[in-house]
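Chain naming follows the written order as A, B, C, D and E, and within any one chain the residues start at number 1.
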Amino acid sequence: MDYLLQTMVAGLMLGGVYALVAVGLNLIFGVVKIINFAHGELVMAGMYLTWWLWSAWNMNPYVSLVIVTPVMFLAGIAIQKFILSPMQNSSPTMKIFVTLGLSVFLQNLALWMFGGQFRAVNFPWAEQNLSLLGINVTYGRLTAFIVALALVLALFYLMKRTLVGKVLNALVEDRETAGLIGIPVKKYYLAAMGIGISLAGIAGTLIIPFQAAYPLVGAHFTLLAFVVVVLGGLGNMAGSLLGGLILGIVETLAGTYVDPALQQVAVFVVFIIVLIVRPQGIFGGSARNAEVGLK
Amino acid sequence: MGNSLLSVENVTKRFGGIQAVGGVSLELGHQEIIGIIGPNGAGKTSFFNLLSGMFIPDTGKVTFDGKDITGTDPATRARMGVGRTFQVVRPFKGMSVAENVMVPLLVNDPGVSKAHRKAMELLGDLGIAQLADTPTEALTLAQRKRVEVARALATEPKLLLLDEVLAGLNSREVIDVLPFVTTVRDRGVSILMIEHIVSAVMEVSDRMMVLDHGKVLAVGDPQTVIKDPKVIEAYLGSDEEE
Amino acid sequence: MKKLSLPWIIIPTTVALLLPLFLRDQYFLHISVLILIYTGVTVAWNIMSFGGVLSLGHAAFFGIGAYTVSILYVDYGVNPWLGILAAIIFAAVGSLVLAIPLLRLRGPFFTLATLAYVEVLRLLAIWAVPVTNGSVGITTPPTQGLAYISFESRQPYYYIALAFTLAAIAISIWIYRSKLGYHLRAVATDEDAVRALGVRTNRVKLGSLLISAGMTGAFGAFAALYFFVIEPDTQFSATLYSIQPALNGIIGGMGTIAGPIVGAIIMTPLGEWLRVTFSGASQGVNFMIYGAVLIIIVRLMPGGLVEGFRAIARKTRRGGKGRGGKRSADAKTTKEGE
Amino acid sequence: MSPTERGFNRRSFLRYSGAGLLALAAAPALASCASRGTDATTLRLGAMYPVSGTNALLGEESWRGVQIATDLRNAGGGVAGKQIEMVFADVPDVNTAASEARRLVFNKNIKLGFGTYSSSLALAATEVFARTGNAYVELGAVSEAVTTRGYDKVFRLNPTAADMTGLHMDFIQNYLAGALGKPVKDLRVMMLHEDSSYGQSIVSLAKAAADKIGLQHFEAEPYSAKSTDLSSTVLRMKSQEPDIVLAVSYAADAVLLGRQIRDNNVKLGAFVGTGGGHSLASFQKALGDAADGVFDVDFTQIHVNRDFTPGIEDFISEYHKRWNAEPASGHSLSNFTGAQMLFDILETTGGNDDPEVFAAAARKYHREAGTSAAGWGYELDAQNQNQQGSMYVMQWSGSKLETVYPPEAAVRAPKLITPFGL
Amino acid sequence: MLEVMNISAYYGDAQALEDVTLSLPAHGVTAFLGPNAAGKSTTLRVVSGLIPAATGTIEFEGRDITGTSPQERVAMGIVHVPEGRRLFNTMTVEDNLILGGYTKRKDRKTAARLDEIYDHFPKLAERRKQEAGLMSGGEQQMCAVGRGMMAGPKVLMIDEMSLGLAPVIVKQMFAIVKGIAATGMSVLLVEQHVKNALEVADFGTIIDGGITRATGTAAELRESDVVRESYLGH
């Protein structure tokens, strides 16, 4: 029972980070209607940036969010402006491949700049253990979970309460009408990319105290984030949060009680089953997915 | 009418809270043309979808050529002889007119060259042989509509469902396309056609059916139907409150 | 219907057949074999894209083919030629796992399912050590001879690969021009309309999946014999055998006959050249350039090279004969607007 | 012209021939950089290491050792008066390894190749060299299969997976059992291994090795090296309460495993890493003091009995000069040593790299243990496997990975410390 | 105020409009009539800038706006309430309305404008926190019109307002629209219910087959045969 509880908690912590990565991916997907295959690589970029700030300037990783967030926001805007925006009218397939190209580029840019060496931030505070009722969690993982959760909730708040958020919501639902009522759609694409990618970068910062950065670390997150997004429903941010948590728990449970070598298999099997049984996601997705080729 | 080709008994279809088709019945005889009119959102296309198998009705029964086809899929119905066109014509991209027509002709596997020959024959019959090699992307709307009809005819239907083949055409083009419909009927095909241009439908229909809010408002001789006050009201709006 | 213009098939084929007689350099032939393998997989991949489906799952079929032939050969002593036949069958059967997603999902959902399938197979191949020998992989025996598809010289490999690839191209042309091809191409535009014409679209899509997977399995099997060694991370590598063929096809022109051939012929040597030229200099630079080239090509020629050439040809023709006029100009705007 | 034949009209011929021309231009461009291989003044050898992809980290580290050996040798006059030139190939995956091996053999006229760090890559590369009648010397891969396929010109200078598991058991029997105060048969030992060819090669031999010393409670459990979370593995470990954990890890997963053991408060008697990640300086950096006490079975590391490893200082200072850092792991040192031995053998052939001549010389060559920078000796067995290369047990102490076992190579005695700061 | 002169337009490469001319006065209701697929919706989309005019010009307050973007046109005061309402279904009524006022967001009068809309549509005030997609058709249409009005339009173009609504609701809506027009804006009403439309309208234009067939005051058109002909063909 103890183990079950500890397993669930470990899964939950993991799931919080998945949710953060996935929410950014889902926002980009919902608003810009692009399936971003480079999303994991942007998590990786956040990790490297944090590591660099820590190793060169001895900056507290959590403080470095002050830098990582705006830098990744700008990176998102640049990607949208120079790579994706000119392809707005291309087929979804072409957009997929341009982001694939970006992911290959970023992976190898990291390899070129930092080598294959894995880069870890050794931040003692994050490694202290919080022990409660026999369940252990480090501050690093707990912080990642809490900040991830807080950010996702903040994003919900933004989407519900602020004008920018309402506009983004409107774009998720129906971008043609949004344009029709006078919303400068392209400007908000930039905003969505900026927010989505800064969330990926923040996830990178939160992860690095317990997960080393290396060039291929992002690839893993991309596919998982897709699983979460599909699980929770395309364009459904709350779904992504729940999807992330569920996936984290599924992964650890399968690893603990079935076979650690098969924990990823369990994740993808769940993914394929959900795709077949409920392609709109467990919690339902937004309408108008036809733009990315969905009906 | 025991010897009718198509017999629809009280079919209904709901989507969420909206009743798209609410208890429509209809008998269609051999080589008969029935025009279906009604305001936007009256359930005409939904009715067609129930006939062609795109939707399965919630209640009611569809009998075609003596067989109950209520639950069958579109491909099966097409093979039995129910052909249809779509309101928004979507010719197959990257394929020529002849190739578009060959798609249904190949269903019974006559071989590609034979299918091509048959397609050319059919296009010749319909007077558009000169378009055979044109990619469909390069056609005018009127031409596309004709290709759509040709494609439906290539399934060798006994019943053809025409969904607004005249919509979007100018009056010249309408005059061009109309004789098409009678030509088809003369080949032995029964036709249900949805149209908005009432004058045009009247010209070719044996009977007319008017749908409004998913229900049959009137059915019968075109001249009678068109003078029915209920029909005029549905179209032009009421003078008085109901 | 007009006949194929034979010269345009015969000439390239003849050139390909005679090539090894003039260019005996073994490395050149090796690169040619690589090009042929990639052309074959891309052509096989493209059969699904006739129907407008984007699969990133072909590494699964490639890997199944590779493992089938190797396991049968090494563990059961089955002759590789029979092994290739078995590989075709196993790959096709293995593709049936994707049948349900194929029939139920559209667009990126299906694409993601295929990608996940590759990942599942890769992990299973690593895990199932007793069957697959896990990450260490399987090495096929060095016994040489035509019966074992193992030679010292590259020439026989080249001709076998050429035979396979020409067969794949022939099958792809045949399908394109057959009932199945017509129905697939129609499905690519509008599945509902095709169904209303009496076509059983599920069978059509399944057919393309089985044929495409089987062909890919054959190339996976041949490649396993050609490279001698297989292991999960390579044979089930989405990058190498899912994304790369798709990329070739897309860069050449998805859903056309010539597109995948052109794409594979250009992209394979490019990747090799970049690695040879830059990998010694600094880690990762070659792939960085590859990624950048990819972004640039996809951005500049969204319809693929074949479409790009076609547009250029159209322009020259229109300029030359003054034909085309407004209608085709409009047609072009539509394309871009879609 | 009907669109049916779109694939085959005049324009498409232009396309075909255009693409054909491009290919014809590209392939000779690749072929044209052909070189003549070894000649009177230059000894050209093929070096194959993965410096991109999954294995980039330790592949690069291995390649560094070779570069140092080459430069030192060339500065000292080369091999039999010939300068050594390395023809390098990056081999991120097995198909590329096979492909690049062909480039080296056919295009670069390489007669003698070496490398490769990873076992599956080594298998692919050696198959090509062996089947084309050329020679290949493995300096890093540990899988037994590299030398058990019966190829007479495939050599391996480094110790193998069997040496590793042998040393594991030796260390348990001769030190850990005593230190933990339990007889071997009562010890609970768990082997955690990542699932690449490295981990799987080792685990495949571990069970037999455990039986051999009478270890009755031995469990092996795989995990994915690409995993970003090892909670499950650690929780299973916790539930089994092993006395000793033998871990076979790559890089990031070694750190992750260590951290999660610490975070979950799993108290172990001893933790023995096995090469790869547990030897890396960055492992210690990432874990800090928590790394103290972790044992590690691997190739020779730099904190070793210097009397036993003549030449190691040169290596370390040269490494510093070139990369301004400590060697990241022992991989550079072992490949450095292997390359030096390779050069020494070639010295005896007068710089002749003809496969037959080299093979004969390689079989004849001999060297005592304790005479090379890695402390290895040289003596081939019937399968061309070096019998005198050995593994050592190291232990983390501060930022140093100090050799503690066997005594002849040790700088100090092992100390039993509960690992990961618990 | 708004002059649409001889425009033509294509959907893809199919010609949807051939020659449409339309003139709107500074206030009052103009009915825009014609059978299905006559080109009414397409005309509106050209006027709001969603699809470009192939030929012809659009002038607004004396200025040529043919080449401007949809956003600029909304900011100028040309607002299009699309067919089928196209509300943001998962958002509340009030959020829909607020988004409607996007182009005027900086004038700090959002609250006042909301009040104004709620005055016109008391139903919406009751439902302000309700998810738009869960309301009845009539309420949704109110919300759509309200959303359009939030942009402070000078020209409000409403496409197929009465589509799928019960006759009672249609009557109510017409009355409200008339009220709106009385506040000094020009309303263009695309309608199928000809008689009803011409009753509330001051002016009317009839198109068919992508060509303007007749233009005049509502009274003139009520008497004209063109209407009956284009609908019922006799």
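What we mean here is this: a residue touches a chain if its C-beta (ideal position, glycine included) is under 8 Å from a C-beta of that chain, and two chains touch if they have at least 3 such contacts.
Predicted, not measured: the structure shown is a model, and the values here were computed from it.
**Q** Going by the touch criterion stated earlier, list every chain that contacts chain B and also contacts chain D.
**A** Of all the chains present, those in contact with both chain B and chain D are C.
**Q** From chain B, which chain is the farthest off, judged by mean CA positions?
**A** D
**Q** As a test of understanding: of all chains, whose mean C-alpha position lies farthest from that of chain E?
**A** Using the mean of the C-alpha atoms as each chain's centre, the farthest one from chain E is D.
**Q** Counting only C-beta pairs in contact, which chains form the busiest pair?
**A** C-D
**Q** Counting in whole Å, what is the centre-to-centre distance of chain C and chain D, each centre being its mean C-alpha position?
**A** About 34 Å, centre to centre.
**Q** Nearest whole angstrom, what separates the Cα centre of chain C from the Cα centre of chain E?
**A** One centre to the other, that is 52 Å.
**Q** Just how far, in Å, is the C-alpha centre of chain C from the one of chain A?
**A** Those two chain centres are 31 Å apart.
**Q** Specify, in ascending order, the residues of chain D that touch 2 or more different other chains.
**A** In chain D, 1-2, 4, 51-52, 54, 56, 60, 195, 222, 224 touch at least two other chains.
**Q** Send over the residues of chain A in touch with two or more other chains.
**A** Residues 108, 111, 115-116, 215, 259, 261, 264 of chain A touch two or more partner chains.
**Q** Using the touch definition from the top, which residues of chain E touch two or more other chains?
**A** Expected reply: 13.
**Q** Would you tell me which residues of chain A are touching chain E in their complex?
**A** 163, 166-167, 169-170, 173-174, 176-184, 286-287
**Q** If we count contacts the way the header does, which residues on chain E are in touch with chain A in the complex?
**A** Result: residues 48, 50, 70-71, 74-75, 79-80, 82, 86, 88-91, 95, 98-100, 102-103, 105, 147-148, 151 of chain E touch chain A.
**Q** Can you list the residues on chain C that touch chain D in the complex?
**A** The touching residues are 1-2, 4-5, 7-9, 11-12, 15, 23, 25-28, 30-32, 34-35, 123, 126-127, 129, 134-137, 139, 142, 152, 154, 173, 176-177, 223, 226-231, 233-234, 237, 240, 256-258, 261-262, 265-266, 269-270, 272-273, 275-276, 279-280, 283-284, 286-287, 305-306, 309-310, 313.
**Q** Once bound in the complex, which stretches of chain A touch chain D?
**A** 3, 6-7, 10-11, 14, 108, 111, 115-120, 122, 124, 127, 129, 131, 136-138, 141, 207, 210-212, 214-217, 220-221, 251-256, 259-261, 263-264
**Q** In the complex, go through chain D and note every residue touching chain C.
**A** For chain D paired with chain C, touching residues are 1-2, 4-20, 22-23, 26-31, 33-34, 51-52, 54, 56, 60, 88-90, 93-100, 102-103, 105-107, 119-120, 123-124, 127-128, 130-133, 143, 145, 149, 195-201, 204, 222, 224.
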